[in-house]
Each structure stands twice: as structure tokens, then as C-alpha cells.
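One structure below.
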Amino acid sequence: MRARLDQVIALLKGDQGADRIVPPSGFTVRLTLFTSAAMAFLTIFALALSLAAGRLGTSWGDELARASTIRISAPPEQMQEQVASVLRLLEQTPGVETARALSADEQRELLEPWFGPALPVEQLPVPQLIDVSETSDGYDADSLRLRLQAEAPGAVLDEHTRWRRPLVAAASRLRLLGWVSILLIGAATGAMVTLAAHAALAANAQVIAVLRLVGATDGYIAQAFVRRFTLRTLSGALAGTLAGMAALLLMPSAGDVEGLLTGLRFEGWQWLLPLVVPPLAALVAYIATSAAARRVLGGLA
Amino acid sequence: MRARLDQVIALLKGDQGADRIVPPSGFTVRLTLFTSAAMAFLTIFALALSLAAGRLGTSWGDELARASTIRISAPPEQMQEQVASVLRLLEQTPGVETARALSADEQRELLEPWFGPALPVEQLPVPQLIDVSETSDGYDADSLRLRLQAEAPGAVLDEHTRWRRPLVAAASRLRLLGWVSILLIGAATGAMVTLAAHAALAANAQVIAVLRLVGATDGYIAQAFVRRFTLRTLSGALAGTLAGMAALLLMPSAGDVEGLLTGLRFEGWQWLLPLVVPPLAALVAYIATSAAARRVLGGLA
Amino acid sequence: MIELDNVAYSYSGDALLTDISLQLAPGTFHFLTGPSGAGKTTFLKLCYGALKPTGGSVHIFGDDVTEMDRDAVAYMRRRVGVVHQDCQFLDHLSVAENVALPLSVSGQATPDQAENLNELMGWVGLQGKFDSLPPELSGGERQRAALARALILSPDVILADEPTGNVDWEMSQRLLRLLIELNRMGKTVMIATHDLGLIRAAKAHVQARVLRITNRTLQTAGADL
Amino acid sequence: MIELDNVAYSYSGDALLTDISLQLAPGTFHFLTGPSGAGKTTFLKLCYGALKPTGGSVHIFGDDVTEMDRDAVAYMRRRVGVVHQDCQFLDHLSVAENVALPLSVSGQATPDQAENLNELMGWVGLQGKFDSLPPELSGGERQRAALARALILSPDVILADEPTGNVDWEMSQRLLRLLIELNRMGKTVMIATHDLGLIRAAKAHVQARVLRITNRTLQTAGADL
């Protein structure tokens, strides 16, 4: 561990001499720089998409309120009995948190916009409403309907916020898609940085052969290349990340719409999340270049 | 034009001899192959996302049904008059397509689930409902409310499908995002293929110098490289495209949910759309390699 | 065939060569000597259009080098066989394919060239190396492969830069005989070398003119050899 | 210093070298000759561990080559100065930096080495080329830079593969004198060359042994030189 740490410190300090042995520029280096920048940029976008989808799902889920209503229409003499049996039934139903019959006042309030405040609810054949709130798992609506039919023929289950369920599902698929994109982009970044490092080492085969011939150890040669490519990838990814974050900041705000789609951006601590991207890219580059260097060196006497 | 065509035909046929002068493999070639494959894969995903978002927007938009209701509560003696004035007002409102007062039967039907079929609608102070359907542009709800207040104090505007509007906006933003991703990925692909081609040509500087020395013309040398890289990019992009399409086919179907989020996939003729990606990538490679070859050759005597 | 008229050349700053005039007539045989770094390679490069003179004018087969476009240079090179001092090959092609490269590149590769190739490979002692890759050749074998490649198109002019730097005495005699033979067939030959023994040996068989680069200019070496 | 015991080597299939035994004692001076393609370069590569023998054993400074790990080979190379036949450089570094490369690579680069470098560059006639880039050197200048690079670490053994293939006679004498001087200081020197004149010239100044590769094995050349 200690040796590992020393190695990392040596990597960062760099060795003036060792650093010069790698040709300063060239297309392979530029390629590495650009690849990591572009991939970081795309990663930031995918990350923002995932987080936005996550927020969307949460906010839709909250508004779903997990509430439904049971409406019992029955002749006045049977009403009391049916209400009681439905409440009993609901108490035993898994997935139902609370169930409560609305009072006459509450029912009048609900009907007020339709009939005005003067409506004599008690004298009309108004059905009795039961407010049901679910647990987060929810109940099985179909089986509840069947049992209601058996116990209280006049009861109708009205899942008035059910329509939001597909939206929540859609949001969670969107989030999944975002994470899949991040994985894809991450894998592509890794593969491309690896290939770019390989290409660079292949292009510098002569440099490596010369160094080996004049008595450089494998560690010395590998470090020079690893350092160069790790730093290039780091700075490329950093540039890409910053550009991505800037682009997100500049995205037009959706204004009122935000209530539902809470915008393609980071919020609060999430702004720290993209900062993980450059070190990760650098880590990939470190591993890729080390492996590539070992491979190329292994082929030399 | 004719010369251009001959050139393309020559490119596709290839010259057995000329083809062999480019080293058969190497990291830069593999890099080109992989880059174009990965980028095509991502492009397919972004494309599917855009199209799905587009469909989502359309289907939400359709369900929005562009309908609202005006509820008029008034003493029976004023009812007729208020209904008439509201209908008159609506006729003059821009954005309203049709407006129609519901008949007593229709109203009873609406209330039936609440009070049963025996409800004497005519004898109750039931408000009169007016069904309003909008043009696709929609009307200005706030100004309509103001004018209603002035003309018929008992009228209440109920935009019962307004809540879907933000969803449609969200879907269209998602579609925009998809197209932005495609643009980004496209630009990144172009840049990466360009850099990979440059890197490959730089790595093959000796080959080019030798060919030039033994009397090969610029056209001969350039064509060998351009052909190689165009074909590699084409096959890489083709592989990536097919993989992307296969991945989309394998995506779990959302079942019932589809009503709203019509799935991340292509439909009908849209399956032809991704097939545009490989030729486009090949075109980018063709242009990039030609330019790079001209540049490298220009530096040689 | 090749005419230099008051040519000067400088890579940067100081002139390396000045005031050089020379006519390479068809069928002549020239040696070029001079200390290391005098400009022999530079002079040869002027002769095959790899460098454009910074002063004076060079005509190759009657055309002014500074006025040739890139394709004209490529076509001209098919008539001038050059053996470079640091001979390079396409490392992924076999030696035989490398030697035949000028044929493929100029679209003259035909099956009946095979015998020609065979004979040439035999002359330069590479019979057994047809299918080797260039990195598997020894230093001297590379030079000989480069000479064979320069001769495969049967060029009118042969410019060889230290073609015998890495081969033993017998082999260098053999290569010299090949060049003398070609000269007898009417080719113009110019060999840059620092091997005075080779020049002496050649003088016994052929009417050779010895040029020497000293003091940045070209001089005819006297009978001192 | 370097001991070969019954060494055989084959690249693939047929053996190129067989049955070679040799001891390079400190302070000795050897020439290695043989026709082009005989295996001189191969033999030298065996001596500095670039190739591992396919038969027999090679000991360098007492260690068996086949048992050395990669770092041991790297450290060993700092004690053996090698001039390669196809000398290669880091093309983006100046000639002076290239010559000093073994110093930087072994962590011995100190300011007081500057004078040493200066002197060495003077000996090989590259005073004016400190800041040139390797591709700007002439063929002979490259060889001399390679020799300087091989000597900068003041190695115990110097192996040179055709170090005078591209330089004129006076310069080759100058380089030979440098090597003889180093040999007098106790270094072991082995030069592969096909230039018999060079060997003859050396014999006047130093007790040199001439080895010849013929029939796939090493023989001591007699007084025929």
C-alpha cells in the first residue's frame, strides 16, 4: 500500500527527465484528449438525464398520493350495514393503510360546486364515499373489486389517480435508460482510451525500443507514458465535464412546466456528482496505459 | 460528376495491389473500427429516444382531447339567459372550436354513478354543463375566466385535461434532448474518426514515405488509405448499428404501460432510419481520411 | 539526363552547397565522394527531386524541378532508380513484394515480370529471402534489397547512396559488376561512397568519373586515386 | 566479462550459429568479420542479452542471461555500450540530449557531466550538431552520435556493429583511435566490421584478435590479414 502511494506521488510529481522522453504531441495524444473530453461531456448529459428522470419519478409518485375512493350506493336501510362491512373488509386487505367513511359535511363540501351549499345531502340518495389510502406497495385492485362485489354489491372502487402509474413507470424507465447510457458511454470511454493509449504506444514503438536499448528499466519507460496519458485524459475529461456542466446551466429553463419535469439539471449536492467523472476517466487511462505499456515492453528484449 | 462517380466506383472495387500497401491491422485501425461501432450504437439509442419522445408527445397530445367544461350554477329563472350569453361569448372567443350545452339526459348520465338512474335532474338545482372543445392552438383560459365572470357570474371554467399540458411539453423537451444527443454524438464521431485517421496516417508515415520514394502518385497512396478507413468505418458503424437495433429489440416491453410511453423502439418505417447511420459515418471517414492524407502527403517531397 | 546549373542548397542559414554545375550524360558512370556530412546525400536528393535547389536550377529529363507538380515528380521517379542511405521498406510485405513495389505502384505488375524479379534477387544474393519480412534482414541484406528495388523498373538513371556500406568486399564487387553491366547497357550511374577501394576496383572495368565535394562545391578528383 | 559456452542460435528452423565458445576478457580488443548475413549482428545481440541463446549458455558479468529478469537486463546494459547497425534515436530530442540519454535514463544526469559530453561530441566530430535533431543528421553523423551515446556511461564493454560503415577513411581512423584509447584504459572492445582496411590499421596500434563467422561458427582469423 505504502509502495503504491509512493508510486502515485511519483506519478504526480513527475520526473522532468522522464517526461521529456515521450514526444510532446501528435495525433494520438490529441485523440486521447478529445476522446476523454467528448465522452465526459456525454456522460454529464446522461447523468443529468438520469437524475432528472429520477426526480420526475419521485414527484409524479408523490402526486399519485396513493389514494382511491369507494362509492357505496345502497338503499338507505342497508347503507349503514354495507359501509361497516366494506370498512371491515378494507381493514383486512393487505396494501390498504387507512380507510375512512366521509362524514355528511365532507360529502356536502365535495358536491358543493355542483349543487351549491344548500343541498340537503341527508335527504338525497347520495352514495356514501370511503376514502382509502394505500401503503407504498399498493393493493391488488382486481381482487379487491371481486371481494367488494361479494360483500357489498353497491360498492364501486374508483382509483382516481391510477392514471399516473404509467407515468411513474415511464419515469423510472427513463432513469434506467440514463444509467444504461452512462454505462455504455463509460464502457466506450474506457475502450477508446485504451485503444488510444495502445495506438500511441504503437506509434512510439521506436522511442520505447531506443530507451530499452540504452538501459532504461520497464518501470521508467512505463511511468513516462502512463503519466502523460493519465494527465491528458484527466485534463480532457475535466474540460468535457466543465463544458457539459456549462451547457446544462445554459439549457433554457422550462418555467412553470417544471412542476412535472423538474428540468435537465443538477440540484444541490448533485452538482458534485459530475466531478467524479474526470478522476474516473483518469483511472481508466491509468489502468489502460499501464497494461498497454506492459504489453509493448514485453515484446522487446 | 462523371469523374467523381468513377472515383467512387474505383474506391469500392479496390485495387488488389493498392489495398495491400496499407498494413493490415494495428491499433489505429481497430480504434477506428471500435469508435465507429460505439458511436453508431449510441446514435441508435439517441435516435430511438428522440422518436419515442416524439410519439409520447403525440399520444399525450391526442389524449389531451383539447376539451374543457363550463359549469353554470344559477337560480332556475336566470339559467336559460346565462347559458345563452355564455354560449354567445364562447362563439366569439378565439381558440374555441365548438361549444354545446349538455341536454338533461346527458347530465343524468354523468350523475348516474353517483345518484343512480332515478335522479330527477330537472327538479334539482343541478348546474348546467357546457362542453367546450378547443382548436389546436387553444384559448387563453385566464381571459376567458375574466369575461365569464363579467357575463355570467355563476359560470365556472373547468379545464379538466389541462394537467396533461406539462407532460406534452416534457415530451417535446425529451425529443429535443434526443436530437441534441444525436448531434453531439455525431460531432464526436466525426472528430474521433478524423483523429483516428490522422493517427493512423501518422503511424504509417514510413509507409507513405516509401511509396512516395518508389514513384507512387499522391492519388494512389491516398486512395489506398481512404478506402481502408472508409470501409473500416462503414463496417464498424454497421456492426454498431445492428447491435443497437438488436439491443432495442431485446429491451423489455412495457406491456400495458405502453399506452402512455410507447416504448423505446422504432416503429414501421422508422426501422429504416438507423440504416442511414453507417453511410453517414463512412462519408465522414471518407472526408476525414482524404483531408488527412492530403496533409501528410503535402509534407513529403 | 540530369543537369545542374549553378545550383546552391542550404537547409537553413548557411549554404551547404554552392555553385554546382554538372551534366549527367546518358551512359556515364560517376562516383561521388567527400567527407561525412559534406553533402553527398543532399546532392543526390537534388538530383532526384527530393529537394528543390535554393539557388540555380535543376533539370531532370529536360524538366525544371521547381516547375514539376507532385504527380510529375512521381512519374519522374519511375525513371530514376534510387538506393537510399537509410533504406526503408514496407515492413508488413515480404522482401519480394518490396522489391516489386515500384512495379505495383506504377501499375506495371504483370506475371512475366516474375522471371525478371527472380534474376535480380539472385544477382544481389537474396535468393533465399523471398518470403522474409524486411525486419528479419541483416544490414547488408537490406542494402541489397534496396538496390534490387531501385533496379526493378530498369530505370534510365541509377543513383546509389553508399550501397555497399554494410556488405563485405566480395559482395560489394558483385554489386559493382551488376552496376557496371547496367552502365554498359546505357544506363547512367552515380554512386556516392567513401570506399576508395571500390572506386579503384571500378576504374579497372569502366570509364568512371570521380566527383568530390569539398569546400561546399563539386570538384573532379584527379588521378590521385 | 562476457562468456559464451557452446552457444547455438536459430531464428526459426535451421541454426544460424552453432557451437560457439568465447571468453571476452577485460581489456581485450576483438574484431568480428564474416560475409553479409553470416550472423555478426546476431552474435553481438547474444553478447548484450537482446537475444537469448537457443542452446548453450551466455554469462554477462557472471550472470546467466537466461536467468536475468528484465530489470537486470536493463542494469546490465548500462555497463555495456552498444553501437547498433541501424542506429535509432528519439527524433524529438536534440542530438546532445540523445547522446546524454543513457545518463538521464539511469538517473546519473548531473551538471558536471556536461564537460564529458562536450569532449565526447568533439571526439566524434559533432561539435556543431548539439542542437540538431537526429533526422537532420547525415548517415555518418548518425553513426557517430550512436557511438558517442554508447560511450557516455563509460561502459566496461563496448560492442560496435559496423560503426564506420558510413564514414570516410579519416573519420574512421579517428573513431578507431578513440576506441583504442578506451581499450588502453581497460575497456573491452568488440567491433563487427567488413572493412579489412580498418582491421589492418588497428593492428598497428593494438593487440587485436580477429574473429570470423564462417560455416555457422566462430573462428579465429589467421595472419592472412
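Here the chain labels run A, B, C and D in written order, and each chain numbers its own residues starting at 1.
Definition applied: contacts are C-beta pairs under 8 Å (C-beta built on N, C-alpha and C of every residue); 3 or more make two chains touch, one makes a residue touch a chain.
Chain labels with UniProt names: A, B = Cell division transport system permease protein; C, D = Cell division transport system ATP-binding protein.
Please read these numbers as outputs of a predicted model, since none were measured by experiment.
Any chain bridging subunit B and subunit C, meaning touching each of them, is missing here; the list is empty.
Farthest from subunit C, judged by the mean position of CA atoms in each chain, is A. Inter-chain centre distance (subunit A to subunit C, centres taken as mean C-alpha positions): 68 Å.
Centre-to-centre, using mean CA coordinates, subunit C is 29 Å away from subunit D.
Here the CA centre of subunit A is 21 Å from the CA centre of subunit B.
Counting partners per residue, subunit D has no residue that reaches two or more other chains.
With chains as nodes and touching pairs as edges, the resulting graph is a single ring in which every chain has exactly two contacts. By the definition given earlier, chain contacts exist for A-B, A-D, B-C, C-D. Subunit D meets subunit A in the complex at residues 45, 49-51, 70-71, 73-75, 77-78, 82, 84, 88-93, 97, 101-102, 104-106, 109, 149, 153. Subunit D makes touch with subunit C in their complex at residues 11, 33-37, 40-41, 85-86, 125, 136, 138-141, 144, 161-162, 165-171, 194, 196-197. In the complex of the two chains, the subunit A residues touching subunit B come out as 26-28, 30-31, 34-35, 38-39, 41-42, 45, 49, 56, 71, 73, 113-116, 118-119, 124-127, 156, 166-167, 169-170, 173-174, 177, 181, 184-185, 188, 191-192, 195-196, 198-200, 202-203, 254, 256-257, 259-261, 264.
Across the interface of their complex, subunit C is touched by residues 17-18, 20-21, 23-24, 206-207, 209-220, 297, 301 of subunit B.
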